[in-house]
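Read through the structures below before going on.
One chain, subunit A, appears in both complexes that follow, with subunit B as partner in the first and subunit C in the second.
The block that comes next holds the complex of A and B.
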């Protein structure tokens, strides 16, 4: 187990290193950062001086090494637009994104898994068929368009909910939260539903498939043969076993929800990291793009690691396999 | 040597002509069984035709500034233009552009980008998967490590990263979609190739000392096609959807060649003003396109998945 964990950690570190190389090469070799922020009347000599100041005239490998050492010290440069450290800027937008992503994930877990179990237990019922047909739309509808439609219906036509922004926030533990005020909650609802829709369909279909796969298994038959009440068979024997793959998927999708929040945040003008990165890409604010990509890559690697470890903790079979 | 190989390399399965034909007929018959899938195919073909024939069927050339008049801007659906000569069935946008015509041309861009990039991604990804499955060893390990790394990040993040490096633009979007999608093809084809590589016909090809290229492309590839077709269908829908999303985010196609996604994006600000038609109709077109492809893909998966047949 320890060897496995060590190997897995090393692998994660390698992935992070590889991604820093890709991001560094991508952002610093393709295109010249100097021309994007030097004034148009700058002479060749000016450009050369800026290049020298930024250290861009040094050999490439050296630049990468100094970038890495800056990265370790948490220094990712200063945003060209906001004039504050890029890392700080991205981190300050993080709670808003996490709040949105967590709410969306909670909605999709509760509804997706609940309906998925129902559809798996009663696949022939017409309600189940209707739910399954509806989930095809959940897959096919482009998220950004659904968002616009939600705004059109609930904000413009009915006037029930606000169309964008974060609303009133409360500061708890030094961070601003929307879900603790009624106004903030009203602002959170539409974006969270929008972001949840795709994952909900995914979880629904997955849960249904797993439930249908599990029901005919021997241990379920045996539990029934023992005369256990149906509630215990489903609640303990079935649920315990279907939870393993579902937890894995939830863990992996958690990161993907944060990434896809980019789309929802743009539609609903939600002031999170996603909105920031899209704005930054459009105005070529390289330090911010860099900071966002590094943070999100780090987040993914850590999430994958946690899921792998959880998987081993949850499933004795996997644990056994790793020992030998 | 060449004479011998020419003589005895009828690719599997044996009795090729006859067998192929009945297999193909069976496939067509099975496909026609699902009314939904057939409807999806018909709708998709109609949309492709509409896109190809856009210059002929569109009431207006949306790129020709001479035909546009600012007096016609923001007309709701089914209204006449200010001269009373022409009807905007789906309304007009801020420049007085007919939405229906704009959508037909937008469909062209969406389909070209989506299908084009999916085909290139398919060729590249399938080749990588085929070689990984065929050669095995280090090359296989390298490719699969890359695929694993790739699939652990969500598509939108990879596409955003590519476009952050390259900047927005039509070609860059195609590049981004190819980079996003190749791994799916590679993984699928490699899994099939590993199984197929162990079959008797590959042994037969081995004992005939055929060239590698011939073995891979004439013998291995045709037998890896069924899962590849399924993946390709679904990936076309995903490519179209991804392009629309990227264009909506302002990272996609330029304003001069609007896709359905960019049309929706243009209408986004107008939604607040109650001008629903600029966003809604292109969105409906996009939805119909994606659903029709997905219906075909779903059914193809059912037919071509070997585990469903036995």
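The block that comes next holds the complex of A and C.
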């Protein structure tokens, strides 16, 4: 168990290392950040001084080595634009993104799995067919377009919901939350639905397929032959088995829902990490980009770890393998 | 302690009459079970024999009323202690399943739910039908495991199915089936997936249980050699129909249907040396597109033009049925 954990952490460190190299090289090739954010009236001498201050005048390899040695000490550098530590900047935007992502994921889990089970149990019903047809739109329409359409319909035409921002927030545990006020909730709803739509369709189709696959299994027949009530056959025998693959997918998708929040945050002007990273990429704010990506990578690693542990909780066969 | 003889000769535990189960597929109607009739007396074991796809498993699931769509039972009667199972409510049927009629399936690796402890799967079977405490249900489960020859049942109850070997899993399945002392057990090829030594152990235990508790069995198998030592009577199925039935000795010693004869001939025998095994030529017919007449005629050496018609069910002697225009009259050595 400990070796397993150690190996996973080592893997994570390798992934972070590889990612930083790629980003470093990539940004170096793209161009000189100083020209993008320096005022237009700055002279060549000004630019050179800025470069010197930021350490960008040094050779590329040297820059990378000093970045790594800072990284080991937990220092991810200072944003070129905001002048504050990059990590702090990204972390300050994280709660907004997590709030949006968690709400979107909750919506897709509840609706996606619920409808998926229904469609799997009654594939012939016309309601199921309609749901399945609708789900195709869910993952084939581009997120940004759906977001714009949602704003057009609910904000512009009907005027029911606000079109952007976080609305009124409440500070709990030192962080600002939208979902605790009615205004905040109204602001959260549209972007959350927008972000949830794709995952919901994915989970729905996946759940349906797994249910259809599980129902003809012998252990389900045997459970029925034992005279168990149908709700126990479905609620325990079927549900416990289908949760194993579904949990894996949810874990992986949790990561990508945070990453995909970039598009939704941009459309709805949601002040999260996604909006920050888009802005930072445009002005080549290297420390912020790196800090964001490192956090995303670590998040994926942690999520995968949680999925593996949940897997063991759900499946006794995996549990045995991990112990030995 | 054994039941007196007159009860055995009374009403049979199970009496299936003209059972018809059809699968309504896009490609057409598949009549998997067609006009099947047989009866099983109390404490008797009936072997239901046939090749894959002959409809023997579907017959078993029909008796349990566990046919999934697009399948449907659309004819006949299944009299269990004289009561037609096809007429009772779903609720009553569910109460019968597990208590009066139980089932054992072919693959012990697939029968038990992989993510639930054995005790969970046993206790739920008791609690689904009886209002008893968990403690009592647990104790009965433990005793049931002991009864089928599982050592240290207390510990084994905590285990998951994957911690058992195949034979042990089948014993657990049998223990679950026996929990409520059912009158009838449908056994769908329960020893096919096991080693021969384990197979023999399980068979002898089942015989023991049948004798001790007067349980009737419908033993579905493709293996005539198992049936020979186990069953009291036999019904041979081909393409959804029972082509021959009778007591085990009559049918095996003097088969009348050419298909039964073919099945007996394809059992390897040691005494006859290294002769080439006889085989039944051809393949089982496509059930979706059954030609009119006797379905076996294309593989039958005795077929004549009369076989273009469907043979009726006849009773060549009391307790024996046959569906053939050209019965093999002579005794076979």
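Here, the second predicted complex is superposed on the first by the 272 of 324 C-alpha atoms of A that agree within 3 Å, B and C clash if a C-alpha of one lies under 4 Å from a C-alpha of the other, contacts with A are read in each partner's own complex, and residues count from 1 in each chain.
Everything that follows uses one rule, which is that a residue touches a chain if its C-beta (ideal position, glycine included) is under 8 Å from a C-beta of that chain, and two chains touch if they have at least 3 such contacts.
Nothing here was measured: the structure is a model prediction, and the numbers come from that model.
Enquirer: Would subunit B and subunit C fit next to each other on subunit A once aligned, or clash?
Expert: Overlaying the two structures gives subunit B and subunit C room side by side.
Enquirer: Compare subunit B and subunit C by how many residues of subunit A each one touches, and report the one with more.
Expert: Tallying touched residues of subunit A, the top partner is B.
Enquirer: Mind working out whether A:129 is in touch with subunit B, subunit C, both or neither, as first, second, both or neither?
Expert: So A:129 meets neither subunit B nor subunit C here.
Enquirer: Let me test your reading of the model: by the given contact rule, A:316 touches which partner, first (subunit B), second (subunit C), both or neither?
Expert: After superposition on chain A, A:316 lies in contact with subunit C alone.
Enquirer: State whether A:139 touches subunit B only (first), subunit C only (second), both chains, or neither.
Expert: first
Enquirer: After the superposition on A, what does A:262 contact: first (subunit B), second (subunit C), both or neither?
Expert: It touches subunit B, and subunit C stays clear.
Enquirer: Could you say whether A:15 touches subunit B, subunit C, both of them, or neither, answering first, second, both or neither?
Expert: A:15: touches subunit B, not subunit C.
Enquirer: For A:7 in the superposed arrangement: first (subunit B), second (subunit C), both or neither?
Expert: Once the two structures are laid over each other on A, A:7 reaches no partner at all.
Enquirer: Using C-alpha centres in the superposed arrangement, which angle lies between subunit B and subunit C as seen from subunit A, in steps of 10 degrees?
Expert: Value: 80 degrees, nearest 10.
Enquirer: Looking at A:228 after the superposition, I want to know if it touches subunit B, subunit C, both of them or none. Which is it: first, second, both, neither?
Expert: It touches subunit C, and subunit B stays clear.
Enquirer: Note down the smallest distance between any C-alpha of subunit B and any C-alpha of subunit C in the overlay, whole angstrom.
Expert: 15 Å.
Enquirer: What part of subunit A is in contact with subunit C in the complex they form?
Expert: So the residues of subunit A touching subunit C come out as 124, 215-219, 221-229, 232, 236-237, 240-241, 244, 314-317, 320.
Enquirer: Note which residues of subunit A are touching subunit B in the complex, please.
Expert: For subunit A paired with subunit B, touching residues are 15, 18, 22-23, 26-27, 30-31, 136-137, 139-145, 148-149, 151-152, 155-156, 163, 252, 255-256, 259-260, 262-263, 266-267, 277-278, 281-282, 284, 289, 293, 296-297, 300, 304.
Enquirer: Quick check on the complex: what are the subunit C residues that touch subunit A?
Expert: On the subunit C side, the touching residues are 61, 64, 66, 68-69, 94-99, 102-103, 105-107, 110-117, 124-125, 128-129, 160, 162-163, 173, 176.
Enquirer: Touching residues of subunit B toward subunit A in the complex: what are they?
Expert: Interface residues on subunit B, with respect to subunit A: 149, 152-154, 156-157, 160-168, 237, 241, 244-245, 248-251, 261, 264-265, 267-268, 271-272, 274, 276, 279-280, 283, 286-287, 290-291, 294, 298.
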